[in-house]
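Presented sequentially are two complexes of chain A, the first with chain B as partner and the second with chain C.
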Partner chain A sequence: MPSAPLDTRYQIETPEGIDLPLRPAGLLPRARAFAFDLGVRGLLMGILLVPLALLGNIGIGLGSLLLFLVSWWYMVLFEVLNQGCSPGKQVMGMRVVQDDGTPIGWSASLIRNLLRFVDMLPFGYFLGAISCLQHPNFKRLGDLAAGTLVVYRELPLARPKVPQAPALRLPFALDLSEQRAILNFAERQGELSAERVQELASILATPLQVSPARAVEQLNGVARGLLGPT
Partner chain B sequence: MKQSLFESRHQPQWQAFAEQLTQLEQGKAKAAELADFPHQYRRLCQHLAMAQERGYSSYLVDPLQQLALRGHQQLYRHRSQLGANVLAFLLAGFPRLVREQWRFVLIASLLFFGSLVGIALLVYLFPELIYSVVSPQQVAEMHSMYDPDASRLGRVAERASSEDWMMFGYYVMHNIGIAFQTFAAGLLFGLGSVFFLIFNGLIIGAISGHLTEIGYGQTFWSFVIGHGAFELSAIALAGAAGLQLGWALIAPGHLTRGESLRLAARKSVQMLCGVMLFLLIAAFIEAYWSSTTAIAPWVKYLVGAGLWLLVAAYLTLAGRTRHAPE
Partner chain C sequence: MRLSDASVVIRPRTSWEAMDLGVLMAQEHRLLLMASWALVSLPIFIALSVLLWQYPSTALFVFWWLKPAFDRLPLYILSKALFGETPSLKQAVRHWPRLLKGQLLASLTWRRLSLSRSFLMPVSQLEGLDGQARQKRLGVLQQHNAGAARWLTTLGVHLEIGLWFGCMALFYLFIPQQVELDWDWQRLALATGPEGLWLEHLSNAFYALVLVFWEPIYVACGFSLYLNRRTVLEAWDLELVFRRLRQRLSSAAPLLLLVIGLMLLPLGRPAMADDSPPTRQVTPQSASQSIKALLDKPPFKNPETVTRYRFADEKPNTKPQARGDGKLPAWLQALLDNFNSDAFKHLAQGLEVLLWSLLAGGVALLAWRYREWLRTFVSRRGPRQPKLAKPTPTQLFGLELGAETLPDDIASAAERLWPNHPREALGLLYRGLLSRLLHDFNLPLKTADTEGQVLERVQRLQQPQLLAFSDELTRHWQNLAYGHRLPPAVVQQQLCNDWRTLFSSGVAR
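And then the complex of A and B:
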């Protein structure tokens, strides 16, 4: 485990003593999610206001209530009732959580969305963008006050097959990071070109005491050996 | 233990746990089936720790991590302080909170009511001042709204109930919007709240001073006195909540600024819930009571005074007893 990763992972430690990594979302995907939400709201208002306009005064009253709901409560309702996802965040594969990784509640969601007003000052999310860009976890001012975080939702992983090779045991012991590196190499070589796989494997040709041409097969064999019989 | 053995031994448990999680996330889980959820979650955490410690491949560790994260989100939640006990909040929590934050409430009230009364007196004494605060079109609009002659002619018939509806919606949107702005702007070291408090105070004060001065006082005051009790105090309270945010940034005490802001935000958002309630009541009164012209002005003044007393008594007295109904 690298101690200080260069990426933007945000580690939370659970009471069970394990570290769970979250991946905070940056300014651009968040801006896109907001634009999507804005579009949805505009469309919603457009569709609902036409029949309401035909209702006369009651329609105007209901319309203002609707405008109030959509402009101040749209985000809050979706975030609390839909596992932290407004439609825009859902589309962009993001969600809002509290700083400790727990789901967002009413008061936190209310704070972060009311303070959106300040993030928008003086124009076009200027303060929010500055705050978002300078913060290590990309928080805007509302997130700072509410103690919330916008993270990428975890997507289900498809597991690749380790290539067939006769299982091998190395004559020397591997430490944990070496084990994981070899397993990663074996599992992820489908994503790489054949030349790159060859190039990576040949780095280890000398310690494995094989010719560079046979290094890939050798490494796959070691990985098989580590996995055990399937 | 080799990875494949570990995996084949525990795979069914992980699958069962994942199914349970899906049910929980969709809100379909039954209480009886969930009795062993914490146990299963902790076992999963143990498996995850073992998998990491034994250097198993990341395609095994990552899905386990995802499961643990989902389980963590289902098992641990912040207890919502709102909503859970609305009644206790109304009967005791909100007035207690207002009294606890009395410094901010006092400053906000002084800013808001001070500027309101001050400018009202000034405009009353120097009538032409109104045009430096409010635009001429707005003044003309106010004239037509509160002209005693016009109201005798134009509003003889009761306003149609549909119009009440329209105004209710409008008041909710407009007033709660103003309160939210006043609150949120407090994040700018309190300056935004100070600005909105004084600004709103000036506008309201100037108009009331002006209308009284030109002799429209009767129509104006009988209209505003009733809902004013809730509306004006709500704006002052929203300002107080905003000032609290700003003060948390200016003087965080022994906390970091971020931590102090988070704590203040928790409190002030509760205050804001009370403010929203006040404004809903105000919008209701404004649309259905204040606007009726069939009732004699003195009745309205009486009821209005009663409402002011009610608000004052509620904020100062409610929830004083230790065993308040909770």
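And then the complex of A and C:
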């Protein structure tokens, strides 16, 4: 058994001593985001190139410029100006950040997108896919060079519902993970089957000094107490 | 199954994060997974290729169709490794035939094309459910995450194709150029018949290699999706924390009882606070003194004694202090003091002189060694230019100076000319002098020079006889040429004689 259990988290400690857990995104969601971006670009080019094709030589020149802009600057501009999200990443709930969690800048974005063409070698993101699957933080070669990381964005959460119960205080102290577990228990009761809820609560029946039948209610009360007046 | 032994962090994740965890799990056991997959699948691939040598596409199709049978091995390894019982390569491969027993037919026929194959595989293989029970379970599991499982298979198909083509492109790029000349890519692609067969089998082999890399990851992703779904459904993470909490509290409870029991025992002597000592009178002066004393001690001040050598006139008063410090042994201190005394002063001076002279000698030697180089590159005058052969003037103030225009014996010719043509005679002498100066003495005369300037140049030759003669001749020539005053006859003879004595060699010429 490895000393540290495997996890998909990337911990950053800020100078103020705050732990920022980031969740790096792996190859599969990134591939989907890229496919989306590719589609958007294809659609854009298709729409813009049809009227340009009617303009003759000028149209071809403008079309070439457009092709250059779209293929080289689409990702860079979106990443830098849209908080690290290209449209595909936005849809997939991801963003690009620097290794230390700060927003991505021009140089890093340019490097990681120029090296995209190394990742594509020799065909269809061969190197990039292998690097992505082998790196513990799922970085492709461009990310390695630029020192960037693709992470899941923190999406706004819906306010969880905690069952009504009289607030309780426990006679012993709980550490952070235990407090969270009890709160989670109260919040996630809706997703669990009634039997499972009962089973989980009965684990703590003895320490709570209640009968297993009343353990669920007791735990909900503790959760209310932890939550405080709302 | 003991959740506390799990080698991954168990918590509910989004479906995509769950797949990322699968990638990490495959990474952790990459070598074992790839080796076992290769050991199981490659022999079958080779056998298929040999059997169906004439039909490479069919061979590939059959191999591809058999994938679920191979997939059971990585799933077995991962499920064992999840709880820390990673099997060895030998154990895993030996176990494979036993894995094939359950529901192989179903997984190879009507379940083969299911898009959530990897997600649902653990239900039949690890839980051993079949029939109605399995259907119920699938219904629960597929309420969530089924879409992600389908995406996983779709992306996996594309990735397989991409990696496969990448392998072929890599192979094509690595063909030496000489060989490539004979190969036409289009001809190869369109090649049919026996010559194209081995090429198709080669590309099949690339696909088999790609599967060695990718298929364990695919299985791991499906497995982690399944784990995540179970975690969410059954709140495994909560169970883990609750069990830990109960263990903590139950181990703490006896201790708590003991403490309470001890508290209840009647204590013989109640602990009381000591009487407070009489308060000292504190004045501002004493306070500031004690503060100063405190500030002089560590950690506010850390006095440190440093011993080092310095020039004597710098701070002579520090010497005894350094000695009294006692960091050096006494005998060493004595020796050092002895070195500072006058006895060694002369020796030191001698050494100093010797060293300085060595330095000077070295510099001189260097300068001598590189004198050519210095002359070439350091000299202020710059490189000496080769002397240009200046064209010697053929005329000075209208007088022909070429040696060929003069008679051989100038003095005799002048003597002959004196009676009738004194002007030509004197002119001949003067021309002869200039010609000699120009050709024999290499005097740098220019066409712009005047008679006076010619005299100045003669002066620089430092030949008094020549100078006197030139002076005399020039004076008479100027008198005649510009003043039309003939020199007296004595002077005429005198000049001719002087010429002869001066340029006797010229007569012989």
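Methods note: the second predicted complex is superposed on the first by the 215 of 230 C-alpha atoms of A that agree within 3 Å, B and C clash if a C-alpha of one lies under 4 Å from a C-alpha of the other, contacts with A are read in each partner's own complex, and residues count from 1 in each chain.
We take it that a contact is a pair of C-beta atoms (placed from the backbone, for glycine too) under 8 Å apart; a residue touches a chain by one contact, two chains touch by 3 or more.
Remember, it's a predicted structure, so these values are computed and weren't measured experimentally.
> In the superposition on chain A, see if there is space for chain B and chain C together, and answer fit or clash.
After superposition on chain A, chain B vs chain C: fit, no clash.
> In the overlaid three-chain picture, which partner chain does A:V91 touch, first (chain B) or second (chain C), both, or neither?
neither
> If we overlay the two complexes on their shared chain A, which of chain B and chain C does A:R159 touch? Say first, second, both or neither.
In the superposition, A:R159 touches chain B alone.
> Once the shared chain is lined up, is A:V70 touching chain B (first), chain C (second), both, or neither of them?
It touches nothing on chain B or chain C.
> Between chain B and chain C, point out the one touching more chain A residues.
B
> Considering only touches as defined above, state whether A:N184 meets chain B (first), chain C (second), both or neither.
both
> Taking the superposition as given, does A:L62 touch the first partner, chain B, the second, chain C, both, or neither?
first
> State the minimum pairwise Cα distance, in Å, between chain B and chain C in the overlaid complexes.
The answer for the closest chain B-chain C C-alpha pair is 10 Å.
> Under the contact definition given at the top, report the residues of chain A touching chain B in one complex and chain C in the other.
On chain A, the residues that contact chain B in one structure and chain C in the other are 1, 177, 180, 184.
> Report the residues of chain C in contact with chain A in the complex, numbered from low to high.
Touching chain A from chain C are residues 5-9, 13-14, 16-17, 19-21, 23-28, 30, 84, 151-152, 155, 158-159, 161-163, 165-170, 173, 213, 217, 221, 232-235, 237-239, 241-246, 249-250, 252-253.
> Help me check something: in the complex, which residues belonging to chain A touch chain C?
That would be residues 1-2, 5-9, 23-29, 31-32, 92, 122-126, 129-130, 133-134, 136, 138, 152, 172, 174, 177-178, 180-181, 184-185, 188, 191-192, 196, 200, 203-204, 206-207 of chain A.
> Could you list, by residue number, the parts of chain B that touch chain A in their complex?
Contacts found on chain B: 2-5, 25, 41-42, 45-46, 48-49, 52-59, 62-63, 65-66, 68-70, 72-73, 76-83, 160, 162-163, 165-170, 172-174, 176-177, 180-181, 183-185, 187-188, 192, 245, 258, 261-262, 265-266, 269-270, 272-273.
> Provide the residue numbers of chain A that touch chain B in the complex, in ascending order.
Touching chain B from chain A are residues 1, 14-18, 20-22, 56-58, 60-65, 67-68, 71-72, 83, 97-98, 100-103, 105-108, 110-111, 114-118, 121, 141, 144-147, 154, 156-157, 159-160, 175-177, 179-180, 183-184, 186-187, 226-230.
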